[in-house]
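Chain IDs A, B, C and D follow the sequence of writing; residue 1 opens each chain.
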Amino acid sequence: MYEFGRSKGVNRAYSFDDVAIAPARRTRSESEVDLSWRIDAVTFDAPIVAAPMDSVMSPATAIRMGQLGGLGVLNLEGLWTRYEDPTSQYEQLTATMDQVTATRRMQQIYSEPIKPELIEQRLTEIREAGVPVAGALSPARTQQFAEVIERSPMDFFVIRGTTVSAEHVDGGEDSLNLKDFIYRLDTPVLVGGCATYRMGLHLMRAGAAGVLVGFGGGATHTTRSVLGIEVPMASAVADLAEARRDYLEESGGRYVHLIADGAVGRSGDIAKAIACGADAVMVGSPLARATEAPGRGWHWGPEAWHEKLPRGERVFFDQVGSFEEVVSGPSHVPDGTMNLVGGLRKAMALTGYTDVKSFQRIDLLVH
Amino acid sequence: MYEFGRSKGVNRAYSFDDVAIAPARRTRSESEVDLSWRIDAVTFDAPIVAAPMDSVMSPATAIRMGQLGGLGVLNLEGLWTRYEDPTSQYEQLTATMDQVTATRRMQQIYSEPIKPELIEQRLTEIREAGVPVAGALSPARTQQFAEVIERSPMDFFVIRGTTVSAEHVDGGEDSLNLKDFIYRLDTPVLVGGCATYRMGLHLMRAGAAGVLVGFGGGATHTTRSVLGIEVPMASAVADLAEARRDYLEESGGRYVHLIADGAVGRSGDIAKAIACGADAVMVGSPLARATEAPGRGWHWGPEAWHEKLPRGERVFFDQVGSFEEVVSGPSHVPDGTMNLVGGLRKAMALTGYTDVKSFQRIDLLVH
Amino acid sequence: MYEFGRSKGVNRAYSFDDVAIAPARRTRSESEVDLSWRIDAVTFDAPIVAAPMDSVMSPATAIRMGQLGGLGVLNLEGLWTRYEDPTSQYEQLTATMDQVTATRRMQQIYSEPIKPELIEQRLTEIREAGVPVAGALSPARTQQFAEVIERSPMDFFVIRGTTVSAEHVDGGEDSLNLKDFIYRLDTPVLVGGCATYRMGLHLMRAGAAGVLVGFGGGATHTTRSVLGIEVPMASAVADLAEARRDYLEESGGRYVHLIADGAVGRSGDIAKAIACGADAVMVGSPLARATEAPGRGWHWGPEAWHEKLPRGERVFFDQVGSFEEVVSGPSHVPDGTMNLVGGLRKAMALTGYTDVKSFQRIDLLVH
Amino acid sequence: MYEFGRSKGVNRAYSFDDVAIAPARRTRSESEVDLSWRIDAVTFDAPIVAAPMDSVMSPATAIRMGQLGGLGVLNLEGLWTRYEDPTSQYEQLTATMDQVTATRRMQQIYSEPIKPELIEQRLTEIREAGVPVAGALSPARTQQFAEVIERSPMDFFVIRGTTVSAEHVDGGEDSLNLKDFIYRLDTPVLVGGCATYRMGLHLMRAGAAGVLVGFGGGATHTTRSVLGIEVPMASAVADLAEARRDYLEESGGRYVHLIADGAVGRSGDIAKAIACGADAVMVGSPLARATEAPGRGWHWGPEAWHEKLPRGERVFFDQVGSFEEVVSGPSHVPDGTMNLVGGLRKAMALTGYTDVKSFQRIDLLVH
């Protein structure tokens, strides 16, 4: 705790860039490393979740993600549920234009109403491909489309907003009661973003199967400039790991998964996130570099088209290879943006860990 | 306290860029957030004061600021009190030219004498528009034009210099006695810049209604290069908050407002300033981006035209929208420079605070 | 130990750039400074080892290095043992091309099988020139070519991998048992990279004559981005110095040399490495600037051509002078990349140290 | 003291850029500020010494410096003592060329032998102008030209080398015995660079009238890259201030002046240097910006032409005004590089100090 001014205390917090993994004594073969991640009834080959962003997730790439052993999450309040065929909208959004024009265009394109029947239609399309199905909505939209969600086929439902809490106090009738909603829904729910021990514990007590850790740290976010709010990821994950542990005890055995969401741009960040205590990571920008990404290299999130206070940017990434090469190799670039799974596997092998849960205990350095 | 060399101690200080707001547990609706700021007899809709700089404040924009719910402050020793019609001078000052030419030109244009009758005239013009009226002078000019100030119609009078203290010791007859001046003036006085607990307490004891916190930290200042002096804003505000509290007790209940003045370039900085303890903020550069700003994107302060030792630069900002859009939205850019009020409101809603006074207590992170 | 999140501790670590040597009281003449380094049966004029990288080491430059008083180490799994005459391959690898093309081309060129007879041939060529002979292989290749190594003429054998440990646990039959291998080999073995006290102690106990300190810190490495692993060099060397000391005592007198490997780009870094406790340094990028360097300014390491997960880049350096001028002067540039030996000698003279072992004790500053 | 590795301790040190002056409570008028600096028999109007560098000091500008109230120091082993008329050499050294060509040219031009008669001639020229006279030599050249120095007319003699100590141990006959030399010379001697308490105390005990604080920190130095040695200035000055104080007591009253030498590029740095404890500052680069500077904007020091290991660069600065305007104003730029004396005076007035000795006690911030 730093002394700040004469009275206010502040805490020092660390981002992934501030920390590095310290190599251990024993190395292992890559063939011995098991990256599997089991959450609820599903076991994934690797602990990687694709972020529900229109720039990287379409029904097709969500299916691809599942085929590659991870979890694809479709944005259920994006282009795919507002437009029967969003090809033209994608073309408009991936054109060359300055930030102001891009923001205005996004605000205009995303003003088209959401069609509940498209929510069911897209999720069914993914289910029929035989991979795990997941969709995401903000808390407000979850309330609005609760019925559709309850009858749609999903393995996981994701509630993802700039922040979300189990208790949204505004006295109005249309705020989401998270605990009730989770209780009523058969599908396990992953909720976020959340960045502190208290917030995490509260979400866990509300019944979440998993908690997304993060707050405005992704490649497209400008939350720190606009709101002054930021929780550096490494500290946030470590804090939430503590909440997971305390809740495990308090609940008599219910383990809530932590999914690091934000600032995961390279395989090195995935390794660091797990080293800080995460069970899995949610990735956005690396997938934007895949040739099949619907955003064709452009990457943007829901904060970018807010009507009155945009808090995200449209960012461009060079495309480096196929979705498969980005996720599981082979890589042709040395910067950690391809073969995400291979990088994690290598990091664990070199430091002597053969399963993700143990790797959470490795030592870290600040530098 | 750091050990420095073998004998001298130094303190670590933090700027707004060093800190971030840590999200709390409860979120609130934006509709519940009350940003009003009451100081002396006036209640403002938002705690935002426009800096008395010729590049952003003309009688017209001072009126606009008032209409938008904030406080506009006119520079009473600038172009508007030296020239009957400063159009030509504005054109000269907003031309494309290198820094040296700009400095020389400013020195020449600002050498024109101040006309006391123009002081009264401009303030009257603002009063007649039915908004709160405020004007600013440096301590030396306050002394020089004390009579005019005493008879001019204002809701607040601002004494703003590079630094100002209640006690200016030089043995000369023409230094301002702040305590006497404030006592004689009916209008509440806002005094600054001030950056330490001691300086603040002294100004509060002199009778100031509000204290401007800051010293050479604005976008146009070069005080650190020229004088070696700087007080990073976050620490300065926190220190002054302590002085406000101690003085409240010592005075038996007189609350002196803190206005953060400097380094407030984005809505995120406004949120941080209040989180550090400020009651309001003084903003300059964001307003320079408004199409109605008299500086047409160019921004400069009084330190820039000092005859012998200029300590400010003329800086250019792209213009992003109208004065109203910059102050209260909607924003078309994601970087925090538009919809200042909306950004503050959102930050408070997301962290669960419904009034500014409570928001001063939120936790901070250093990163 | 920092507090990190609520439960995980982290340590602060320092790179060479973070530290500086603090001048002492007595200065000495350069003529009094003795830079000699004695390891096993060989005494070198200066404690400098050329890194076994195809971009800087050919049989010819390895010989040159020896003639200049240092130790040249040939990469025994590179171009010189895959191709009878690698001229064409060097031309292809030093052409102008983007990073992706370069990576693909390296992967293709380095897929040519290694010829054991070339291993013996190249080492013999160096021996016949009458300088100390050293070659390097990764742990896997050491296992594969153990027989050839055992019968090849070398003064030192270097086992160099991204990391290496005395205990490689994978249950398979083809992993290298370091202790046995060192025991059987007459030639003294230098092993690395290694970055922690524990890893170092383990390698020392396995019988290594010297330990290479470092992990992914060289100019061409991207280990931090791809794996999240990094051990800043200054801290790593200091930790290993402790291991060397403890092992010296535990073994009843066996001194294992530390060779700093990575982040040594200028003579100032050489001085810092020794000041942190190293006995010698391994250098790569400074030698890439020599006109005789086979890479003609291009510089790359084995991590760059990994089939599935490249972790190195091909980097270009302007060429500044001959191999001799780069190593021992005279220098024509003021940036520390020429006259490496002269820079170290000057640093020791100015701070009053006449031998390398004493210089290891000088004080450091963090800045 | 930081823990570093497992055994070696390191200290944190601060440069001028790391610190800022914290404003005090009372302000004073600039007219009350007395910047005079009295050392030995001379009182200067301002505590500013011009660095003995050929790029800024010619006999003409040394005279100008004295007329402006400071101390000009001529380099007695530079162009002015090697060439009867160095006009052609200046032209060659200020031509446009790359760093390597510049270094080679400097090495060639500075190989011309020094003529003792020119040493006397130049110093006499300055004396006849009626200003304080000072010349500088390195320790080796001091030894070589001891006789000439002893009979030349000077108010101060400066011994300035990369480092210098009272005890240069090399067993040779031609090293300078500082204590003897100072004892024999009537002229007060200023000695440096020196960066630690111990080194300073030693020089003070050797009889120096003043100590130059610094080691490789100037604008043209590359000491950190080439030697790994650096002592950040703020900490160095503070440490030496402690030595000055202890020596004052130990000697029963002999006050040795501290002159900060290096990293003083703007008036803000002058203020900081004194705030850290310096009595005066030695400046180089600001003077290079004067139109009368013999280097015509190019700036270089003796480290740049070392035969075998150059440790300095030739740097270019835009020219901003006359020598007088640079030293004492008026300034036309806001960045602290003009009106050095005005900047110091203003800093002291704003923080309430009227003499340099008191200003040494002001508080500092780290940021």
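FYI, a contact is a pair of C-beta atoms (placed from the backbone, for glycine too) under 8 Å apart; a residue touches a chain by one contact, two chains touch by 3 or more.
Bear in mind that the values here come from a model prediction, so they are computed numbers and not experimental data.
**Student:** Over half of interface residue numbers shared between chain A and chain B means same, under half means different, so which is it?
**Tutor:** Since fewer than half of the residue numbers are used by both chains, the interface counts as different.
**Student:** Which chain has its C-alpha centre farthest away from the C-alpha centre of chain B?
**Tutor:** Result for max centroid distance from chain B is chain C.
**Student:** List the centre-to-centre spacing of chain B and chain C in whole Å, with centres computed as mean CA coordinates.
**Tutor:** Inter-chain centre distance comes to 57 Å.
**Student:** For chain C and chain D, let me know how many angstrom lie between their CA-based centres, rounded off.
**Tutor:** 40
**Student:** Quick check: what residues of chain D touch more than one other chain, meaning two or more?
**Tutor:** Counting only residues that touch two or more other chains, chain D contributes 12, 14, 235.
**Student:** Which of the chains are touching one another, listed as pairs?
**Tutor:** Contacting pairs: A-B, A-C, B-D, C-D.
**Student:** Which of the residues in chain A end up touching chain C in this complex?
**Tutor:** Interface residues on the chain A side: 12, 14, 16, 19-29, 31-32, 197, 234-242, 245, 266-272, 275-277, 320, 329-336, 339, 342-343, 346-347, 350-352, 363-367.
**Student:** Which chain A residues qualify as touching chain B in the complex?
**Tutor:** 2, 4-15, 99-100, 103-104, 107, 162-165, 167-172, 175, 195-196, 198-199, 202, 215, 222-232, 235, 303-304, 307-313
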